[in-house]
Amino acid sequence: MLESLKKQVYDANMQLPKLGLVTFTWGNVSGIDREKGLFVIKPSGVAYEDLTPDDMVVVNLQGEVVEGDLNPSSDTPTHTVLYNEFPDIGGIVHTHSPWAVAFASAHMDVPNLNTTAADTFYGDVPVSEALTKQEIEEAYEENTGKVIVKTFKDRGIDHNAVPAVIVSQHGPFSWGATPEKAVYNAKVLEVVADIDYHALTLTHADVHVPQYLLDKHYYRKHGKNAYYGQNNAKSKSHAVKL
Amino acid sequence: MLESLKKQVYDANMQLPKLGLVTFTWGNVSGIDREKGLFVIKPSGVAYEDLTPDDMVVVNLQGEVVEGDLNPSSDTPTHTVLYNEFPDIGGIVHTHSPWAVAFASAHMDVPNLNTTAADTFYGDVPVSEALTKQEIEEAYEENTGKVIVKTFKDRGIDHNAVPAVIVSQHGPFSWGATPEKAVYNAKVLEVVADIDYHALTLTHADVHVPQYLLDKHYYRKHGKNAYYGQNNAKSKSHAVKL
Amino acid sequence: MLESLKKQVYDANMQLPKLGLVTFTWGNVSGIDREKGLFVIKPSGVAYEDLTPDDMVVVNLQGEVVEGDLNPSSDTPTHTVLYNEFPDIGGIVHTHSPWAVAFASAHMDVPNLNTTAADTFYGDVPVSEALTKQEIEEAYEENTGKVIVKTFKDRGIDHNAVPAVIVSQHGPFSWGATPEKAVYNAKVLEVVADIDYHALTLTHADVHVPQYLLDKHYYRKHGKNAYYGQNNAKSKSHAVKL
Amino acid sequence: MLESLKKQVYDANMQLPKLGLVTFTWGNVSGIDREKGLFVIKPSGVAYEDLTPDDMVVVNLQGEVVEGDLNPSSDTPTHTVLYNEFPDIGGIVHTHSPWAVAFASAHMDVPNLNTTAADTFYGDVPVSEALTKQEIEEAYEENTGKVIVKTFKDRGIDHNAVPAVIVSQHGPFSWGATPEKAVYNAKVLEVVADIDYHALTLTHADVHVPQYLLDKHYYRKHGKNAYYGQNNAKSKSHAVKL
């Protein structure tokens, strides 16, 4: 069942340690088959070196396990909410990458201060509101998804234009059209948080990029006028990776 | 004698350089056989690449060498005190990992600011009281163990719920049910200290996790209602590592 | 066409990930054949592990592609301006290396605070002026080149003595007599930015090197009285790399 | 000539990149044969991957090359002064390791704040006085050696008890009984500078170790009552590395 998607999600999970985004088992990637309404996710607490494509767990959009002998990631209810509320995304990543968690701990947005951020994020990556005691005790992981959605709605942020969030006192979630693209966004967020920490502690001025620089860099890589990469090249021999 | 435990302690020691926790020979792991009342510890000042399981030294709970041609770790009296005073622990780790030593140098607790900390530590990791001149001169390593125990008693901290300490101006000790679990806790402490440094220098607010978030994350991984990992999975084919 | 230069530029590009200067595809190196008036540059958005010497794109000094099936780097118009305005340089590098981008985000020069900087840069590495909205919207990459040239002219900086710049809110460009030398300068800039961040946050004094120390270190490696390395050695068997 | 010492100095030089202490060619190690009054040093500006034991240059205590086709390190006059003024040392290391250079840039001592420092350095590692314009212009490298010696004399520091210095606005020199021991001290200094930076920016209190803790840790590894390591072990099969 969904063998090809399982392999794709497995490969995306294996990118996390390679990109330096996880310690031990602290991360997970999922990917969805929108036609079937099923997503595939890493099992909970299994070491990356022991993981195989067959270990991936299949879950439906009610969050129920449809196939798999292992428990799915404990964050599965968060993924379920996001797939339901963000109907155009194809993959989700959660990690505890340290620079992003530093901003989560400080309850701060990761601001858009340079073209490295603007190439991927059309604005600041928001920190979510904190969950209340009741939200945590009643349905923690599901409410984590709901507070992410609420944060984007309340602040009027397009989740496709800013495909990541910092969950307050917890850590980053990112998403994208595919699991690989969600992993890419997770890495960009970590690099941007690293750079931002140093920029913010070097200067006390507001050094956000102006709107016109944000527009230029975001749209050189996104949308119909994008001109970065090889989409319009004479040769298609190189699949542009991301 | 204790060949299996020697191999286990050797393997746990070899995890320290792999996890980036030691420079040169600055770290040691021990593990105990509670039935026999003997523990096994790394020899003092031997390079990791030269270490073999047979080099491990066997010590009794009076701190006397029972078997082994090499001197045991100079920290052996600290391990002895901890095994006597914390009768439920099975392994102990000491390192000079740099983020934890930075907090030791500043004589500061490593505070619990995020779910990465809360998953492992049920509260702040305390900095010990400083040893007095007399305590240092009379029985330094033994008194290091005693001041750790006193710190936990005086502050009312359960050493099983917070399985690590920062010895003031020195560095981290951690422990656990097994040597491997103690190594895991040593790595978590180093990652948390790294994140905390950056969170604390980004913000000046008190950003401790609230009690209900601490409860949620700690108990999702510990105790009878824990649901992280594969303990309740249909398949037991994957030994969950930690 | 230009097979030897393509190989040289390819090799210089492959140094970027090896030296830790790029994440994903975020960097490019070019090299010029001054006699032919043609330069060779990395294609846009191709992963380093997929790159071959034949993928390199040949461009003339009007910025037009002369040979190659792939799109050249989106930064090609910046390289074109720099080759036209700095007629003595042979190679150019652009990266998003994180320490340099932190200074770019903070809109700060990378100051010359130590002999590591003075050995390569005869003064501070300047941050460029910010591009205006009109400059960005009309011809972004070309105007990036122009603002670099203007910054050096306005501040009276010799681009051969300070072979690098921090483009405001963007990142570093560096150059040199050859593509390899430009890569070397990119790495030195990143190392110096790393050290400078820590020096500046440790002290609040102005700790620029004095002119006589700058002179000593810069000229021990540059000019007719340079004495570092093997140029005057009895044995020429070791090609001095840089 | 001095084949064994050449091999030893070569090996010590090759430890520098392995320990992460050098970028490009920015470091050198020398070692001395006190009976012959000759020392062996790395050639100037040769890449580590191209280096062979035969490339090492033999120099006398007047700083004159006695054997070797390559130019010796440009820092040779500094080594010469140190070998003459510190008659009990057997090896010297110079690097531009980044944490130590950050302290050099800030013109600050690397203070003794924890047992990691106290195990190796019996006090703060001093920053040298700055060289004057005349000292730099007349005999820069020789005067670098002289200002190191003067700093130790003026501040009453025993160069055997504190076997390293931070040359102001330049970087670290360290030394020891052998070239390997000097490399060990160079690495310890870099680790301590890393930790100190973070401790000093976490707290604003004076957190120097007290004298009795410094005594305890320094003398557990040095002198006739040292008890760290295997010098008194029953088995001598393990050569204790350092």
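Note that the chains take the letters A, B, C and D in the order they are written out, and that residue 1 is the start of every chain.
One rule holds for everything that comes next: a contact is a pair of C-beta atoms (placed from the backbone, for glycine too) under 8 Å apart; a residue touches a chain by one contact, two chains touch by 3 or more.
Bear in mind the structure is a predicted one, so any value in this text is a computation, not a measurement.
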Rigid-body rotation angle, chain C and chain B, from Cα fit (steps of 5°):
180
Compute the centre of every chain as the mean of its C-alpha atoms, then state which one is farthest from the centre of chain B.
C
Counting shared numbers against all numbers at the contact of chain A and chain C, is it over half, same, or under half, different?
different
Centroid distance [mean C-alpha coordinates] between chain C and chain B, Å:
46
The distance between the C-alpha centres of chain B and chain D, rounded to whole Å, is 33
Chain D: positions in contact with at least two other chains:
201
What's the complete list of touching chain pairs for this entry?
A-B, A-C, B-D, C-D
Residue ranges of chain D in contact with chain C within the complex
23-26, 43-47, 50, 55, 69-71, 74, 96, 98-99, 101-108, 131, 133, 136-137, 140, 169-171, 197, 200-201
Contact footprint of chain D on chain C as seen in their complex:
113-116, 184, 187-188, 191, 194-196, 198-199, 201-203, 205, 207, 209-210, 212-213, 216, 220, 227-230, 232-235, 237-238, 240-242
